[in-house]
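Per-chain residue numbering starts at 1, and chain names A, B, C and D are given in the order in which the chains are listed.
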Amino acid sequence: MSDFAQHLINGVAAGTIYALVALGYTMVYGVLKLINFAHGDVMMVGTFLGYGVAQKLGYEHQSSLWGVLAIFLAAMAACAVMGFLMERFAYRPLRDKPRLTALITAIGISFTLSYGFQLDFGPLPGAAPRAFPEIIAPREWLIIGDRAVVIWNWQVISLAIAIGLMLILQALVYRTRFGRAMRAVSFDHRTAALMGIPVDRIIALTFMLGSALAAGAGILYAIKDTAIQPLMGLYVGLKAFVAAVIGGIGNVPGAVVGGLLLGLVEEFVVGYSSSSWRDAVAFGFLIVVLLVRPGGLFGRVAAEKV
Amino acid sequence: MRSALAAVLTSCALALVGCEKKASAPPPPSAPSGGTAAAPSGGTPGVTGDTILLGEVGSLTGSEATFGISTRNAIELAIREVNAAGGVKGKKIEIRVYDNQSKPEEAAQAANRLINQDNVLLILGEVASSNSMAMAEKAQPAKVPMISNASTNPKVTEIGDYIFRVCFIDPFQGYVMAKFAHDNLKLTKVAVLRDLGSAYSQGLADVFERKFTEMGGKIVARETYTKGSTDFRSQLTAIKRASPDAIYIPGYNDIGLIARQARELGVTAKLMGGDGWDSEKLFELGGSAIEGSYFSNHYSPDDPNPRIQKFIADYKAAFGSVPDSLAALGYDAAMVAVDAIKRAPSFDRAAIRDAIAQTKNFPGVTGTITLDDKRNATKPAVVLEVGKGKTKYVATIAP
Amino acid sequence: MSECLLQASQVGIDFGGLRALRGFDLEVRNGDLKGLIGPNGAGKTTAFNLLTGVYVPTHGEIRMCGERVNGRPPHQINHLGLARTFQNIRLFRVLSALDNVRVACLSEARPLFPRERIAALRRRAGGSSPVASMMDALNNYVDWWRALLLTPGFQEEEQEITRRADELLAVMGLSHRRNEEARNLPYGEQRRLEIARALGTRPRVLLLDEPAAGMNTREKADLMVLIRQLRDQFSLGILVIEHDMKLVMGICEDITVLDHGVTIARGAPEGVRQDPKVIEAYLGDSYLAAHGMPVPPSPSNSTSETPAP
Amino acid sequence: MPAWLRGLVPVLIAIAVLAVLQLLLGHLPFFVYLASIVGVNVILAVSLNIVNGMTGQFSIGHAGFMAVGAYTAGKLSFLLKDVAIAGLPAVVSDQVQFLGTLLAGGAAAAICGFIVGLPSLRLRGDYLAIVTLGFGEIIRVIVQNMEVFGRALGLSGIPQTSSLFAVWFCVFLVVLVARRIVGSTHGRSLWAIREDEVAAEAMGVNTTGYKVRAFVISSFFAGVAGGLFAHFVPIINPGSFTFVKSIEVVVMVVLGGLGSTTGAIVAAVILTLLPEALRTLFLQLGGLGAGVSLAQKVDQIRMPVYGILLVVLMLVRPQGLFGTREVWDLLPRWIPRARKGLT
């Protein structure tokens, strides 16, 4: 029983990270219908930036409240700028071109970032993993029994941030002018432009928001798993994408639910079946969900107008 | 206009490859006697007036880039030292390194290029056994000697008589830790956590499980993870349920994370592993969680042997980091090669091969290397205990 | 009286809570030229989509040549002899005009198992039959192999298909556009190409969805002649959706009027033209009131809006 | 010439030309290896183009089918290594076995393609993409877990029976299939599906059936490509068939222009040779005075540079190198057209 509870906690913790990364995927997809393949790598870059800032701050300051805020804000701001540049120079010129084109560009950016960060000259970090500093000092939040089940403070913090972000994003999308404009652009950006919506600005802002989210998610991920390395974006990005699709890509609560579900499914496969089939089961779960609900759990397949 | 662009791009790509082929097909102008791709034994390939060209293939990018880069650094260090000491037979040594993106097909292609285009004298590398095997499949038919620095699967050197290695093979290292766990630590219940995507990890884990069971121990849990994953809590929670005395984790840098997460989950079992642990990252990633664990290795960094201390100091000075076991093996592979070239009567590849095969009691960083008739290195292993920021010698186990 | 080719009885469909069409009845016989009209959003195209199998009706029954086709995929319904054009032109844009028609002319192919046999099997099984599907698949694999080996029979067949496609292009006056990409054709010609393509499938009933949309008066006049000519030349039953009253009134012998998914009138053009419910549907209550006409009871439809299907 | 022979003429010509090439170039190991890798990628790109380009279904699980072919063929060859067919010279017997294993590999992949395609081709666009990706990964995980397939180490000891001739004959075959099927009215139906599924269905095209068939054929050739791959590398392990490999093939198809067979060929050739060309370029730069150490260092720059080039290429030519057209559609007017294949 206690290990069931522990698995549950592990699964939620892992799912939280998937959910956070999936949120960024889903935002960008919602507006541009673009699978931003480089999203995971933006996350990786953000994490390395956070790491750099933490190193600069030094051991004393990095775990103070201001230090943590500085790390998060610096990484998120830098990634927002990066997202803006990516959108401006790599995606915007292709907006009216076939969607696959932008996907290939995204793949190109992904390769450049992930392999580029494996280089070991100049300021680039090299391929070796780095230990991410404990900017949130790990503390047991809840202990049940003789350490049979342990919940850590950062697990609670991450989950709270994920759910908080989901609510904020949901409110942003459905309660603000910006959100209304986003939905309009998502529906049909040409018509939206005719209605006087500044389409370029909305898309750029969405991209910046998504990239900043990725950076935040990356740092939380680094706090959870304590190590960072250049290819991390590839794996987490793929899983998060799967999570977003399970939830119904383009749907904000769907991303969070999808992420949590995926985390739990993986966890329980390992816990009660064989760990070597974990990835197969994760993808199998995705396929089953899609075959039963072709638009994901919360998504709807738009009926084609005939 | 569009077609012109397409045509230009195509021809550029073709021309780049094509011109290299033409450039290197005729014998290099300074070569004493031309060795062409088709007849490797015809002259003294890889040797020009004042240089000897060696080749290396490594994973400089991709999932195994960490290992490839430290190997490359160490080989570079070795070559630098040799050249600083006047080279070999009056010639300087040059090394050409190709990346294989951690994939066998790229490794085969790189080896092919080294052999047939660059005409290297011999080839060094690789870490991953599948990549080494792909290279060996190309080196053996061309009769080019190859020394693998860290491929531990027995199959690698079985490919042919031109293929050597300077590291342990899986059966030995798996046995070392099983014996240590059983005899020295007196453990009976051990769990195994292995990397599903790594042949090294699989090989060690298989042998460990078998040997440990033969010795009367019990494997109480078997879990796996995949390359690139960073969350091991689910496996560890499952292992915790079986309450083992120790967990055998033949892996690389993942071990730091695994140790931390194990302690976080309240897993108190001892951790054990293989030479893949040996890296400065062990302490950085593992922190205090890794203290008190054991792993088998080629040498002990606190060995007062000046050879070892000099290597560690030089590597630190050159690359700013502490060498890992792969670096040490890379260094030894290069040194064994140089030693063989020195001993060989000529620069003929067959002669070099014979010289390598006769390597006996070579004083390497990773121990005294003797190549047996299966072209594998036989040397004793040491077991180290992880302490605060450094390791401590515990035992030596002979083959 | 000739046999009834296409028959819809009490057909209806719900989209979520919305009832886009209800109690729809229709019969098309050989030689018929019928019209389907109604204001925007009345459910005309929805009716087409139901008849051709794009949507599956939630109520009622549709029969094609006596066979119940509810829930059958559109291509099977097409094989029974029902072809259509689309309101918003749906040509295969990058294919040449000829190729557009050739794809439809695949009905000319002489497969291993004749289509009639497969259709008969399906009829006996009452809809879907695994054996029939298997035969269908085998047919196609064999066809692909023949294409690969360029067998003599295959070459003949291809020539036959091309010949027939050329004929149809000629009928529609498109021969000069034969090798042009469909997307580069002017609007009116695209509409005609759609008809040519539909004819390629050798239909017995042809559904035309706003064939005159975007055409000028002269083109419309030509189209009227053409539609009649097609009916006679290919012995078809034709059902037309059209906004242009003049055209509909001019060629259709029988008109069904839809409003808010409900059939509000049916009959000969003159009768329909004068029906107050029709006038109201098109022009609204205010028009009637202003002209001193009686305001009819509104159709019992609580939904205020029908979706654009 | 009898009509039944007409279809075989190109095959006979190809055999003759390739045989000559084999005799002239077959003894240059590096060239043969490079040409084989290029050939395998061309097969992958052209076959994927049948699904992604012509039928308009977005599949990114091609590496999975390649893996099925590679492992099936590789394992069979490994088992048959010491078996010879009686009454045939050893070389001939080897080649017959090789051919058999290739077909088996292709067939196994085709069966997998059918199993995957039947349920998932109902999905559209990005959803189909992620499902095919998922299937590709599942295949990889299965292989990784099976002792008979050597798990992480993979299969070794596969006889190197592949040759320049074998690889490029398969390239020829896949191109022939792509051209012939697509040139036929049946193939036009694939394009019809890509252009407008609803209309195609309304015109009597069994869209699901056509999509599944396109998928099966595409998978078959991916399997053949895998089989060839296994016989010249000759080590296969799961690391060679990750989704990154699938992505590489998709990139070739998109770069060449979706639906353009020659585009896929050209893109596959360029993208396969590009890293090798960069290697040469860097070596020469190194030779120009930057020092050999640069050449050593920069071999790892190839991959980031490859990424940047992808971005630049897509920005410069968003529709791919050739759009939906073929190379000969773009030749200057005075060169006689081979055959306006499509109409």
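The definition used in the following text is that a residue touches a chain if its C-beta (ideal position, glycine included) is under 8 Å from a C-beta of that chain, and two chains touch if they have at least 3 such contacts.
The structure displayed is predicted, hence computed values, not measured ones.
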{"item": "Set of chains adjacent to chain B and to chain D", "value": "A"}
{"item": "Path length in the contact graph (chain B to chain C, fewest steps)", "value": "2"}
{"item": "Chain separated most widely from chain A, comparing mean CA positions", "value": "C"}
{"item": "Length of the line joining the C-alpha centres of chain C and chain D, rounded to whole Å", "value": "41"}
{"item": "Centroid distance [mean C-alpha coordinates] between chain D and chain A, Å", "value": "33"}
{"item": "Centre-of-Cα separation between chain C and chain A, whole angstrom", "value": "47"}
{"item": "Between chain A and chain B, centroid-to-centroid distance (C-alpha), Å", "value": "35"}
{"item": "Touching two or more other chains - residues of chain C", "value": "54, 86"}
{"item": "Multi-chain contact sites of chain B, meaning residues that touch two or more partners", "value": "60-61, 63, 65, 69, 196"}
{"item": "Residues of chain D touching at least two other chains", "value": "144-145, 198, 300, 303"}
{"item": "Chain B contact footprint on chain A (complex, rising order)", "value": "3, 6-7, 10-11, 13-14, 115, 118, 120, 126-131, 138, 147-148, 150, 152, 221, 224-227, 231-232, 234-235, 266-267, 270-272, 274-276, 278-279"}
{"item": "Chain A-touching residues of chain B, taken from the complex the two chains share", "value": "60-63, 65-66, 68-69, 196, 223-226, 228-231, 233-235, 237-238, 240-241, 253, 256-257, 260-261, 264-266, 281, 284-285, 287"}
{"item": "Chain C - residues contacting chain D, complex", "value": "52, 54, 73-76, 78-79, 83-84, 86, 90-96, 98-100, 102-107, 109, 136-137, 140-141, 143-144, 147-152, 154-155, 158, 161, 178-179, 197-198, 200-201"}
{"item": "Chain D to chain A touching residues, read off their complex", "value": "58, 119-120, 122-124, 126-127, 129-131, 133-135, 137-138, 141-142, 144-145, 198, 243-244, 247, 250-251, 254-255, 258, 297, 300-301, 303-304, 306-311, 314-315, 318-320"}
{"item": "Of all residues in chain D, those that touch chain B in their complex", "value": "27-31, 33-34, 37, 144-145, 151-154, 156-157, 160, 229, 233-240, 266, 269-270, 273-274, 276-281, 283-284, 292-293, 295-296, 299-300, 302-303, 313, 316-317, 321-322, 327, 330-331"}
